[in-house]
Structure formats: C-alpha cells, structure tokens
Amino acid sequence: MDLLQDIALNVQSGYTEKTRKAVEQAVAEGIPANDILHKGLIAGMNVVAERFKTGQMFLPEVLAVAGAMKAGMTIVRPLLEMTNHESLGKIVIGTVRGDMHDIGKNLVAIMLQGAGFDVVDLGTDVRADKFIEAVEREHPDIIGMSALLTTTMVHMKGVIEALEKKNLREKVKVIIGGAPISRNYAQEIRADGYARDAATAVDLVRTLLNSTRATAAV
Amino acid sequence: MDLLQDIALNVQSGYTEKTRKAVEQAVAEGIPANDILHKGLIAGMNVVAERFKTGQMFLPEVLAVAGAMKAGMTIVRPLLEMTNHESLGKIVIGTVRGDMHDIGKNLVAIMLQGAGFDVVDLGTDVRADKFIEAVEREHPDIIGMSALLTTTMVHMKGVIEALEKKNLREKVKVIIGGAPISRNYAQEIRADGYARDAATAVDLVRTLLNSTRATAAV
Amino acid sequence: MRNRFTTAALDSGALLFGTAKFPLTRRGVTIGGGSVIPEINFTLPPMDVEQGSMEEVKKIYLEMIDSVCRRAVELHQREIIVEFELLPEMTLNPVWGEEITALLQRSLEEFLDRDGLQSLLRITPVDIRETSKPPRRREGREVDTLFDAFRRCARAGGDMLSIESTGGKEVTDPSIIAGDLRGIIFGAAILGSADMEYLWEQICSIGKETGSIPAGDTACGIGNTAMILADQGYVPKVFATVVRAVTAVRSLVAYEVGAVGPGKDCGYENAILKAITGFPMSLEGKSAACAHFSAIGNIAGAYADLWSNESVQQVKLLSGMAPVVSMEQLIYDCRLFNAAVNKGSAGDLRDLLVDSDALLDPQAFILRPDVVRSLAKAIVAEREDYGRGVRVAWEAVRLMKDAASHGELLISDREGSWLERMELELNGLPATSMQFVSEETERWSDAFDCTQYLVETHA
Amino acid sequence: MRNRFTTAALDSGALLFGTAKFPLTRRGVTIGGGSVIPEINFTLPPMDVEQGSMEEVKKIYLEMIDSVCRRAVELHQREIIVEFELLPEMTLNPVWGEEITALLQRSLEEFLDRDGLQSLLRITPVDIRETSKPPRRREGREVDTLFDAFRRCARAGGDMLSIESTGGKEVTDPSIIAGDLRGIIFGAAILGSADMEYLWEQICSIGKETGSIPAGDTACGIGNTAMILADQGYVPKVFATVVRAVTAVRSLVAYEVGAVGPGKDCGYENAILKAITGFPMSLEGKSAACAHFSAIGNIAGAYADLWSNESVQQVKLLSGMAPVVSMEQLIYDCRLFNAAVNKGSAGDLRDLLVDSDALLDPQAFILRPDVVRSLAKAIVAEREDYGRGVRVAWEAVRLMKDAASHGELLISDREGSWLERMELELNGLPATSMQFVSEETERWSDAFDCTQYLVETHA
C-alpha cells in the first residue's frame, strides 16, 4: 500500500498540497475511502499525536499537520458518507459560565480535530442551557468543559446536574479540564474523565469512546 | 463583694492555697455557691482565658491557674449539687481512629476544664463505637474530635454518621480540630463547629452552648 | 498624552532588587528605596460568587487578610503590600469589588494601629472588556463598568491601581499557538500598545481624581500564556522568549502615559521596564510556584522591589491555609534580599540569582542584566511601536543565538532551528509600520474589530 | 555498642551547607560533597488507607513520584532525594509499606534510565510503638512489626533508613505543656537516649543485613512540638529553644551506635549534630512552610546538605499539584546554594541566611554558627547523657541571656523572665545522674513504664 503510506507521510510532514494530491490519486485508483482515512490520513496523524505527546513536536508544527489532514478529509468525507461511514466521534466543547479563557479549550479542539474527531466549539462563557441545547441539537458522544478559575469551575457541576434533569446524562460522556481541575474534582462531580492537558485529552476521548462509563483519567 | 474579687484575683494569679482559703471563707460567710462559682472562680478564669487568647500568658502559667480553679471547684461543687446547679456543660473529647496524636487534644481538655466545663477524655485512637458509647453513657452536650493526619481526619465523618444512625445526632453537638482540618471540612461533614486552636475552642464551646445548631467557627 | 522614552534610565546604572531610580512613597511605605517588600495575593477556593454567597465571600477575604497579616506580625515583618485581584464577578458588579476593597483596607488599618504593620493595597480589576465578542475595548457597558470598578475601588481604599489588560489578545492568542511572530508583533506591539495608550490615560486620570497611584500593567495574557505553553512543551521556549521581549513594548506604554510603578508582579518584562523607566517593579519567582511553574524562579528576583506569590487559593495545607504559607515564604525571601542590601552585597546575591537560572532556559537567559540592558536599549532606540517590536525581537534572537554558540545558553537543536525560523520571519517584514499595519489588519480582519483600536500608523 | 563522641568534628572547621566532613556516596549520588540536593516528601490527600483503597493509594503515590520527577527533569535537576514517610497503616501492615517502596524505587529507576535523573530513596516508618498504652518500646507485636517494616522497605529499595522515634514522649509531652525543664531533660536526654540506643542498634543491624544506610533520627515529637506550641504563643520561645538544645543529646545517639547520616529533615538539632559528627544532614526551612510554620526559614539552610519540604499533601493549587510546587521551590533554593558554592561564596550566602533570622527569634538564634559550635562543645564535654542535657541547657540559656543583653537577640520581658526561671530550675537539679533518674522515675511513675527503657544510671 505505497500510496497510503505516502499519504501518511505527507500528513506527518504537514504538506497540505502533497496530501491533497495523494488523496485525489488514491480516490482515482479506487482505494476504499475508509482505507484512505484510516491507513492514510489517520495513520499519519497518529504518529504526529504520539510525537507531540512525547514532546518531540511543537504545536505550531502540529497545526501545519492539521491543515494537511483537513485538506485530505475534505476530499474523503463525502465519499465516507456515501459508504455510510460512522464518524470517529463528535465532541461538543466550551468554557463554562463566567470564564473567558479560550486558549486551553482551543488547544483541545485543535488536537481533537487533528485526530479526526468532529468538534463543535461553543466558545467561552457558556451557560448550562447552551450545553443542553447543543447536546439536543448535535447528539455528541462527549461534551468537554474547561475552566480556569476556582470560581467558575463550580459551574461544571451545574451542567452535569442539568444533563441529569433532562435525562441526557446517560446519552453523553462528560470530560473536564483546566488549571484548577483535578482528577479528584472530576470524581466528585461525577464527570467521566479529566485530562491534565490538551495532548492527553485526545487519549481520554479515545478511551471513553471505547469503554463503558467510568471515571477515566490520563 | 471584696471576697469574690479576692477569689478571682487568686485564681488569676494561680495561687492554689490562697484560692482554697478564700473560697472556704466565702462559704463560711454564707455567700451562695453559685456566686462563688460565677463571680469568683469563673470570673478569674475568664480573665486568664482572655489573656491567654490574646497572647499575654503562656500555657504553663494557665496550668497553674487551672490548679487554683480546681482547688476552688473541689469545695464549691458539692454545694452546687445541693442547690441543684446545672453544669456549665459537658464535653467528651478524643483523637479519632488510627491517630496517636495527643497533645492538641490535651490542650483543648485543659483549656475547657480551666474554663469550668466537665471534660471526659477518651484518649487517642478512638473508634466510632467508643464515641457512641460515651455519648450514651455520659450524655455530653458536645463531642470534640481531633485528627492530625489527612488519612485519619476522614474518620470524623464516620463518627457523625454513626451518631445519625443511632438517632443521637440531634442530642449532641460535634466540634472538630487538628492540623489538616478546615472550616470547609467541618461544613462538608456537617459538624457544628471548627476551632483552629485550643484557645479558640473554648469560645466555640461557649457559642454552641448558647445557640441553636449551625456551623460555627472561631 | 504619551511621552515616549528615548533613553533607558538605568543604561549604565545597576539593575538590582530593592532599589529603583525613582522610588515611590505613600503612607510611610517606600517602594524601591533600598528594601524588598513582600506582595501577597490570595483568591477564593472553588465556590460560586453571586449575591447569595457574598456574605461567605467577604468572610473568606476577611479570614485571608487577617491570617496573612497576623503571620507577618509574628515574623516581625514591618511592611507588606496586599494585592486584591478582583474576580470577573467583582468587576462586573463593581459594588462587590468596592465592598471587599473597603473590608481589606479596614483590616490593614487595624493591623497598622494595633501592631504597627505598614501596608499598601493594590487593586486589580479584571479586563472584562473581553466579555463581549469580539471585545469592545473603547465603548459600551463593559468599558464603563471597568472604569467604574477602578473608581470605586480607588475611593474605597485602593492605594495602587493595576490591571492585566488584554488588548490585542484576539490576535496574539492564535499567533502563540501558531508560532507566528508577525502576529505577535502586530497583536502585542501594535494593537496592545494602542489599547494601552487609551486604557492607561483613563486609569491615570482616575488616579488623579482619587489620589490613588497608577501603578502598572502586565502582558500576562500574552507573555505568560506563551511561557506556560512553552513550559508544557507546546511552543518553543525561544519563541516564548521573543514574545516576552515584544510585550515590553506594549507594557511600557502605561509609563509613557503616566503610570509610575510598581509594575505588576506577573510581568517578567518588568525587568526591561525597570531599566527603561527607573520605576520600581514587582516580580515573582519561586515563591509564586503555587500559581504557575516557571523557568525563572531565582533570576526574576534580581529586579524585585516587591516580591510576590502571584496568587493562591484559600485551601488547607498541613501547616495552615495556603495564603499564610505564601506570606511566610515571601517574608523569608525578602529577609534574604534585605540582609544582602544591609551588608552591601546585594550585587553579589543578585549575581547568584542570575547564575542560578540564566544558562538553563532562554526565558531565564533574557533576564540576565546585560541582556536586559540590551533589550531596553533596543526599545528606546526606536520611536514607533512597530520599530520597537521588530528591533527588540531581533535583539532577543541575536542574543540567544550568540549565547547558545558560546555555551552560555543551553537549547536543543529543535529550539535552535526556531531561532533560524524567527530570523527569516523578521527578515521578511515590511519596512514601514504603515505597510505592516495595513497587511496585518487585512490578515486578521476576521479575528478582531479594528474600530476598537484606532491604530495610528504614524507615531 | 555505643561509641560516644568526645570531640566535635567541626570544632574549628566550617559549618556550611553542601559540605560535610564525611560525605556519603551511594549509587552515584554524593551527599555533603559540595552541593545541596533537594529532598522531596509527599503524602496522601484526605482519604482512608485500608485494603479496599490500596489500589487508589498506589495510584496516587505513582502520580506523585512521576510528577515530581518529571518536573525535576524539566528543570535540569540532576539529583534528587525522595523520602517516603510511611503512614501508620503502612507500618502496621508492612507489606503495604514494602509495596509502595518498591513502586517508588521502580519509578525512580525509570527516570534514571530514561532521563538520567539520579536519586536515592529514604524510607521512614512511623514509630508505631506508641499504639499500645503505655507504649511497649522493647517487646511485643508493635516492636516486631516496626522492625519488619524497616526490613521489608530496605529490601524493596529503601536506600536510607530513618525514623522520627518517640522514646520519652510519655514524659516530654506533659513537660512541654507545663514548661517543665526538668521533665524535658529526663524525657529527652535520659529516656530518649536510652530508647535511641536500643532502637538504633536494631536499625543499624538491619542496615548491615540489607545494605541500606542507617541515616538518622529526629526529635520531631519533642523539639518540633515545643517549637510549634511556641510559635502559637502557648509556651515561651526561649523554653522551646532549650528543649531543642536538649534534644541534640538524644538524637546524637543514633550516630553513636552506627548511623552515618544524612540526618532527617525536621530535626533542627541537626545543625549541632553536623558539628559534632561531621555527617551530612537534611534540613528544612521556608520551603517546608507547607508543612509547618517556623522562625528559622532561612537560617536552617546554613547547614543543609539536603534541603527538604518536610511533607505536602497531594492537593491541587492553581499551578498544579502541591508536591510539584514543592519540588520546584526546593530546586530553585538548591540552585542558589550551589551557585554560591560554585562561585566560592558559600560562606557569604550562609552569613546572609544567618543574618536574616538570628536576631528575631531565639529558635533561630541558636542556629547561629558560633552558637551551634558552643552547644556542640557543651555536649561532647560530658560523657553521661544527664550531664550533656544539663550542660547544653545551661549553655543555651547563658548564650540567650548574653545575646539579649547585647542586642543580638530580641526577646520580650515575658520571655526574659523565663530565662531566669529556667536558670533557677537548672540550679536546683541534683548533682548526679543516678539521683536525678531515681527522683524523676518516681515523679513520673504514673506516666511511663520504666521497664521499657532500662535506663542505666552509670554511663
């Protein structure tokens, strides 16, 4: 499968144009879209994610890779829908009420998108009802909440309670993160997981999508 | 009331013999036992407690005062019982299960006794059932628990739950203290109060005995 | 009215803790006059801040101020600075900020009367202009409320006025993540400076009106964001270092429109600003590890007139509450600083602090006194903010390359290649501010609202 | 077999951080050989320790060791010491202690292999002999279990063996509260020393058997209890200071029966012990404020070969978990110590540390190098523990009186009168150890079981 390896390598190197061309060629050669996605694009992205996690790559370099990944996905996605392919998973994320901090949440969004997940970013200062609306509208697998202040982290619990009240809690997993958050706090408010940084958030999402509900942490 | 003032001053100075004699004289002169206790002994002790609390006296000096107080009480107490006097209050104290730390609890006991309360000291490493037994046996107004370790403080909650299970919780107030304890923790486990040191524990006990149940802190 | 610095106050003088060229005295406390004073900051534990919890909130602030002052007295400390950093809710509801300021100042006065503890209170509203999206920085309810918070807190007893303002963050946030130096220069040196000029003219006039001291600003949202991300391995340390250097251009503006220090603790650009302005500065290092980790734990102390813990929550540690732990640590640090001053060996201790860290990390390296001096000179050599930003970035890159090649700075090969990358990027920049601003305004048109900055392309 | 010191190793030499007369090397780490190394200690957050929670307990220890080592690597630290202080449950169930020791050592080895981080692990079982009332110190299940815990932890990877043993506490606890110096001398110098001799002969033989280093003991339960109560205003500081001096007699015994250092962090008597034995010592000061407040935040550093945080729970602060905060603070402190060593100005920095604190508190004053030397000489001038205890107490009182009268030590009048009171008490002591022991054994007969000490009245 030389062409798929080619795609993976181009993604790894952050070559947007080369990735696009290689994916087009693969489609033309009749390689199944599912293979292009998993053995090409995602295979390349996985290498990058691992390198980033172990401190061998910087984020700006990963961003370039995400650009290449996106270029490939743009071509492959419509074909996948034709072949009735399931998404890798959909995540709704946001910073909770009263909290304007953006950058940590943005990093998580970037990393997740890079890893091939669908991400819906609700922005900052997101109230509980906005999270509920998004769950009802988007049917995500996971919602991710971020807080940087000790006085806003308390709103995470409110969102979980609102989900329970609406009988949505069993339909979606909840992960949290941010400077004042700890594994303990995640357990306390009955979140499904906690990630200490953006790099490990991707692992957490993968673990949760492959497991039954239990408090996970990476 | 020169004689009562005399008693108070002798207590304040930690003069055991002089206190004893002055109390004997007051009894002989027919001064009501209740007055000797409140306007003499306790008045003197209150001055000392205040001085100690504001850092003007050392504990060894207070101990001498407690000795004088005790000498006076030995004479007055039988008379009080004859006149059907209520105790100032009874406190059962102990260090919780698994915790061998003694000295903080002992300080509290000394300060409370000095202030005229009855104190039953259960010692260290006291399990929940021992606290329950003591409540059933002694009918205290308050139980005080101490812990110096983060891994033993968790047993305080167990004692409170055991009290609830035995329907004793409404009959007794619960106060806690020790290095890892905070006002927050007291609220969390629904204790009635927290004192940050032995000196303020006396204030706390006084407040609680004069108030309805609410989390108090000094 | 902005008076641009054209020379560095300390270009040949000593850059040293405890001593500023222009010390500042208020209510018996002198800052930068030969001693380092602890600056303590504390914040709430996890809890809701709302009308219903205000009684509890005040109780906690009272506990915190009381316990840290008590510890200061016990340790024979004679002077402390307290910073009250308003939470968003307390800035959005300025009456709450005002009430807590009054409560803190009242407590400080009690300790002065009873124990002779001298103190000043710094109040730091949060930049709530970010609440609107995109931020409205010159108009609207948030702007009015922000200034209302300043005014109320100043009147309620705030001795010094500060803020960690966020002008330009719409551009610097994505630029940090992308390692985009061009965007940093635009967001920090152009937009940041323009916003600082507007904002600090207002704050200085509130200072005049109320008698409070317009102290200083920090580029926390830019410089520390880059620093923390570098520390986590997300962006190169050499990049975060250049970001820091560029933020000095923007933070300097406060002093060009009337601020007089002490600069706010979390701005490591304060070293450069002290060299330029001669005003006293607050800094934070190892004893602020409770608030953020860093590579500059000792070397930051080289410039401290105030020495801060940045912030700590009211949580329980084995010894007692965390703010008291911070107070004690700051006091011991300051005792050491001041023992050196008293013995005439402050310069020697400064050199030890510098030697501790400078070799190991670029972010520490640029706090070396000789490097600080070079960066300060690079900035005042230019009048325009664009020129300043480019020149100080150049100088930072040059000094790091030079030091790395002489074994005076340890950096990895991966970091080294970013020095090259940044050099290339700087080489490709347009010659004039006007051209740069028009190119970048175009490039970032989706990200920010240019009417909120009114950037002048001619200085 | 106890070999009593009769001269002080350093009577004319330097008392200085980073350098011991007899450095100690194990697995590539040298302690006291010219640098100060951080010693980190951490403990569980509030939780139950029982069979059912052991998995969670181990997970937390793994998180803690991993995060502090990671931070050490990030900060380019090359050597660290980790102390694992067993909780009561882990000593009472030695298999738990053994398993956690193994887990920590495994993690340290991984960091050595992967990152080159060198380390040693100190294991410190808790003195569970106190579990029985009155304590059975030489026989019974608790004693067997305690030694079993030492043996298992040593075999599982404990490089150094320590304990904070509590012999004599039955007498010293009430004596501290009562300000009873006679009781302190009996409890600490007589009972404490007798217990130390028995206990440390056992620990040294376990050291021989397992290859682990018998490191040292601290009179935490006596000296630090008095110190903390003094700090809270319960007992006079001058009294706590004399208590500290007397504890040196008892802690010295470990080294007289075979321990070789590094002495354990929380014993401030370590300054005196370093002067007598020449062995390296661990000390703690301002960066242990998370564990206890103190009056010796800087001056304790004057003698540190290891510099410790004492202990901190795994709780979250704004920057990260508290153990990581401690690790970072210790590393920066050590960088400063070592920068001074490298520049040949360690003595100057030591003097600044001393000058920071010595004037302000008697507990700091007795850590002045000249005072330490005098106290060390007072102890080795006597052979019997009674004579040592009395003489060092005398010397401490005399030096404080002298310093107070010359303005070298600030104490209140109330404190001053306690100096007189202690002088009177010392004057009233019997001439011989035999008489003293028989009087005190009688006086305390309700408080302790003398068969558990077997005090010899003739040395």
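Going in written order, the chains are labelled A, B, C and D, and every chain counts its residues from 1.
What we mean here is this: contacts are C-beta pairs under 8 Å (C-beta built on N, C-alpha and C of every residue); 3 or more make two chains touch, one makes a residue touch a chain.
Computed from a predicted structure; not experimentally measured.
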### Least step count from subunit A to subunit B, where 1 means the two chains touch
2
### Message
As a quick test, compute the distance in whole Å between the mean CA positions of subunit A and subunit C.
### Response
34
### Whole-Å separation of chain centres (CA-atom averages), subunit B against subunit C
50
### Task
Mind checking the centre-to-centre distance between subunit C and subunit D? Centres are C-alpha means, answer in whole Å.
40
### Message
Show the residues in subunit A shared as contacts by 2 or more other chains, in ascending order.
### Response
150, 180, 185
#### Entry: Residues of subunit D touching at least two other chains
43, 45, 313, 316, 318-319
### Query
Given which chains touch which, is the overall layout a line, a ring, a star, complete, or other?
other
### Summary
Chains touch in the following pairs A-C, A-D, B-C, B-D, C-D
#### Entry: Contacting residues of subunit C [partner subunit B, same complex]
45, 63, 315-316, 318-319, 321
### Task
Could you please specify the touching residues of subunit D with respect to subunit B in the complex?
43-49, 87-89, 130-131, 133, 173-174, 176-180, 225, 229, 232-236, 313, 414, 418
### Query
Inside the complex, what are the residues of subunit B that reach subunit D?
55-56, 58-61, 63, 98-100, 102-103, 106-107, 110, 123-125, 149-151, 153-155, 180, 185, 197-198
### Task
Spell out the residues on subunit C that touch subunit D in their complex, using ranges where they run on.
43, 71, 74-76, 231, 285-287, 289-293, 295, 297-298, 311-313, 315-320, 322, 324-325, 328-329, 331-333, 335-336, 338-340, 342-343, 345, 348-349, 351-353, 355-357, 360, 410
### Of all residues in subunit A, those that touch subunit D in their complex
150, 179-182, 184-185
